[in-house]
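One chain, chain A, links the two complexes that follow: it is found with chain B in the first and with chain C in the second.
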Partner chain A sequence: MMKYLAYSKILIISEMAYKFEFVMNILSTIVQMFVLFFLWSAIFSWNNTATIGGFTLSEMITYAVVGVVIARILNTFIEWYIEEDVKTGNIVMMLTKPLNYVWYNAAISLGEYSDAFIRTALPSFIICILIFHIFVPDPLTLILAFISVFLGAAVLFLISFILGTFAFWTTGSIWFLRSLKQTSITLLSGSFIPLAFFPELLRNIADVLPFQTIYHVPLSIYLGKISGFAMLQAFAIQIFWIVLLAVIATLTWKAARRRFVALGG
Partner chain B sequence: MDSMTNIIEVNNLCKQFKVQRREAGLAKALKTFFSQKYEVVDAVKDISFNIEKGEFIGMIGPNGAGKSTTIKIMTGILVPSSGNVKVMGYCPWDERLDYVKNIGVVFGQRTQLWWDLPPVDSFELLKHIYDIPEHRFKKNLEKFSEVLEINKLMDIPVRKLSLGERMRCDLAASLLHDPKVLFLDEPTIGLDVVAKEKIRNFLKETNKEKKTTIILTTHDMGDIEELCPRIIIIDKGQKLYDGSVAEIKKKFGKERMLIVDFVESIHPRFDWKGVRATEIDAKKFKFLVDTRMAKISDVTKRILSKYQVHDITVEEPDIEEIIRDIYRRGLRA
Partner chain C sequence: MKSDNMQFTTIFQNKLQRALRYPSLYLHYVKLEIAGMMEYKLDFAVGIFAMFLANGVIPLILIWVIFTQVDSINGWTFPQLLLLNGLSTLVFGVWHTFASGGVRHIERGIQMGELDRVLIRPANTLIQMIAERFDEDGIGDVIGGFLKIGLASSMLSLVWSPYNILLILIFVAGGFLILFAIILAAACLAFWTTRVHSFLNIITNFSRFTEYPIEIYHPAIIFLLTFILPFAFVNYYPTQIFIGKGMHIEWAFYTPVVGIILFIIAYAIWKVGLKSYTSTGS
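Entry: the complex of A and B
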């Protein structure tokens, strides 16, 4: 386990080489938050209603702004790293190390998430509390929401890893697959618009896909929209997706390895 | 050979690849998009050899001969189509995770160092990956910094290092965990003379002091002559020769090279028995003389009697010449 965490650590150190990137990241995050703040304020005042889809304006702003914070953490480039490994042939170096490639990538992802959390998401979160006076739940709910973000991060990693293994069949497809992933997340995860606003059909589709476990679940916990048994259920669904996707990831990796062996690297 | 002392045993190794055929042009590209055609290529055809503990083996052969494939199978990266490999009792591809803890691997055109970070960070990472005890890690790192002269490079980001500097760091990285077997795939490729010399000295010392078994592929016959008492020549996926460098010189080095500078440009035909002439330029010729069929002195006399000559030099063909000849003509002596 320690050897994988060493990879998380070196990735953080490596990211630190780009010293001023994080200042830019925080600034762009704040700008994005302002855009969403004005957008939702305008929507609420035009409609002249106190609530939309069960959300008050203040809840909606909290949802949108905290959603941006989570998006800052969940910025993984795993599919690109895998494609790079395949394209450059560096995968060969990885295979000569006593490492499981899935765990190795998980460790890299954890490093990315941690770096983004410490240097961008956490400062942005504190700044947005000060600027927008958003709702902050009690510590226990906050911790549960955080755990839920972590589980969502695992789901996102596994989806990215599975897409990344496609690089063994065709390099160059990764850009397209990544865009597809981003679009699916924007539309179906609840990161942009709460799932409660969706028409029934779209809502049902979102419910049976893994994307909603990435934003909808943690944000709903944060806002206290789900609690008690419903929260346990939401956690169970997250864990279900992690297990299922982990099995798929292991299988696609095995298939990728077979393909690599057949083509001779 | 006593199998007890063999650290590596390779038996009847075969590897076939599927190679994608892509034809030029847009229409053809679209066609291959819908129906991919594969061709089966034999990269390695029935190769067997044993290596004893502490040996320093040079593996040579032209590009695409199957050297790298053989190395990739021996390091557990690829699975052969058939045949057996045992290294230290492990089957490299079946027991990869346990096996690779005991080997070091360097691929000349790749690096295992982190691009944006100084080498010392990568070394630190390797300490965790291989679970190297702190005291041993420190001792090895000190030793390597001294012999490979990398102490001044330790805190420079890898992307700013020269190829030679990077390769020295990569070598250190591959040996931090004291592997019993070291695989080097073209470690001196693209390096200047000084850098090559440093690396060769280091490898020599490692092989001698730690009894590390080293398998090296290279195109540089200087590497071979300085480092490897035994060579394995591979061509078209097959083993052409397995034996000592001295032996191959004795066996195939029966030719002497005569380089003649003529005063005027000549257009002769030298169809003398045992002599092969090649034109270097109009006034300069190279004669390969098979000393079993023709005497150097006779050939020289004949040339001098017919032509005006500026200069004649006689050279023993070096190993490079011999190897080139073997690639070209096979093992027929």
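Entry: the complex of A and C
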């Protein structure tokens, strides 16, 4: 375990070197939050309504702004790293090391997530509490929401890893797969608009796909929209996707390795 | 006196001749770029398609979802907001296709000493920079922009008369110059400091405000988007002409003026930057 965490640590330390980026990233995040803050304020005040789709203005702003915070944490480039490993042949080095490549990449992702959490998400979260006076739940709910973000992060990592293994068959397509993933997340995760606003068809599609476990679940827990049994259910769905995707990831990785050996002769 | 005049005319003619070869030079670069791309036909189509989805279809659906809940945002109906959003996508698409890659590459060009190669050639440095990094993915944005504008205008029964087409061409050209100028000026910071990448991102991020009608924002932000980083002239003021409403409709006509003036300033900064450029020596 420790040997994997060493990789996480290296990634965090190397990113720490850029202090100017640190400030700029936070500023960028705040700009994005301001857009959403004014958008929802305008929508509520113009339509002169207390709730939209079951959300009050304060809940909606909290949803949108905390969504931006989560988006800052959940940014992984694992597909590209895998593609680079394949392209440069670095993958050979990786295979000779006494490492499990899946866990190695998980550690890299964890490093990315932690780095983004410490340097961008946490400061932005504190600033947005001060600026937008967003709703902050009780400590227990906050911890549960955080665990849910972590599970969502695992789902995102596994999806990215699976896409990354496609590099063994075709390099150059990873960029497209990655953007397809981003597109699906934007549309179907509830990162920008709560799924409660969605028309039935779109909502049903979102419900049966893993993307909603990345934003919709943690945000709903944070806002207290789901609690008690429904929360347990939501956690169960997240864990279900992690297990399923982990199985798929292991299988694609095995197939990729076999193909690699075949190529390497 | 007469010979002075003659001399002036010949100098002018020379300059004009030199300027006139740039369109064909640019096209030549683009041809090379596309020929290279055609080696990977799938990549070519796939990149365009990805941008079309990400900046055309998905925002369209998300805006529509908001409007399943409300009738208007600050008096802007679904098609009106779509027109505003689509014009922004279109202009960004043109910028993405023709100049963004080159301008964003300035930082690396300086760091890696690649600027030297461009500098020793007998052609305009900036044009070479952007021509080398023509990016066909932007075509996906352009198509996405057309999709939104097309859908919006059919819902608004907006007729694309020759006058309206001329107007939108002027607005797109003006908006392109505004984006080019603002981001070029920001990228020139790389001549004096390193790592401007995230600075460029935040400047570009400010343009996100124009995805929605700017009157929903705090007056300070409206001021910023009109007078300091005038992204509002890219789509907000022009859109008002087509739907006949909003604040300061007539400001739409400043779009090309703002574009040209800003570009002259940005180009001057670029020139100053080049003068202070000393190669990394590698």
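In this text, the second predicted complex is superposed on the first by the 264 of 265 C-alpha atoms of A that agree within 3 Å, B and C clash if a C-alpha of one lies under 4 Å from a C-alpha of the other, contacts with A are read in each partner's own complex, and residues count from 1 in each chain.
Here, a contact is a pair of C-beta atoms (placed from the backbone, for glycine too) under 8 Å apart; a residue touches a chain by one contact, two chains touch by 3 or more.
Predicted model, so just to flag it, every value in this text is computed and none were measured.
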Name the contact category of A:Leu99: first (chain B only), second (chain C only), both, or neither. first
In the overlay, answer first, second, both or neither for which of chain B and chain C A:Asn48 touches. neither
Identify the partner contact of A:Gly89: answer first if only chain B is touched, second if only chain C is, both if each is, neither if none is. first
State whether chain B or chain C is in contact with more residues of chain A in the superposed arrangement. C
Quick one: classify A:Ile10 as touching chain B (first), chain C (second), both or neither. first
Could you look at A:Trp175 and tell me whether it touches chain B, chain C, both or neither (first, second, both, neither)? second
Determine, under the contact definition given at the top, whether A:Glu21 touches first (chain B), second (chain C), both, or neither. second
Give every residue of chain B touching chain A within the complex, in rising order. 15, 17-20, 43, 69, 72, 75-79, 96-98, 100-101, 103, 105, 107, 109-112, 114, 116-117, 121-122, 124-125, 128-131, 157
Under the definition above, what is the set of chain C residues touching chain A in their complex? 40, 42-43, 46-47, 49-50, 53-54, 58, 61-62, 65-66, 68-75, 195, 197-199, 201-202, 205-206, 208-209, 211-212, 216-218, 221
Give every residue of chain A touching chain B within the complex, in rising order. 2-3, 5-7, 9-10, 13-14, 17, 88-90, 92-93, 95-100, 261-265
Listed in rising order, chain A residues that touch chain C in their complex are 18, 20-21, 24-25, 27-28, 31-32, 34-35, 38-39, 41-43, 46-47, 49, 52-53, 172-173, 175-176, 179-180, 182-183, 186-187, 192-193, 197-199, 202
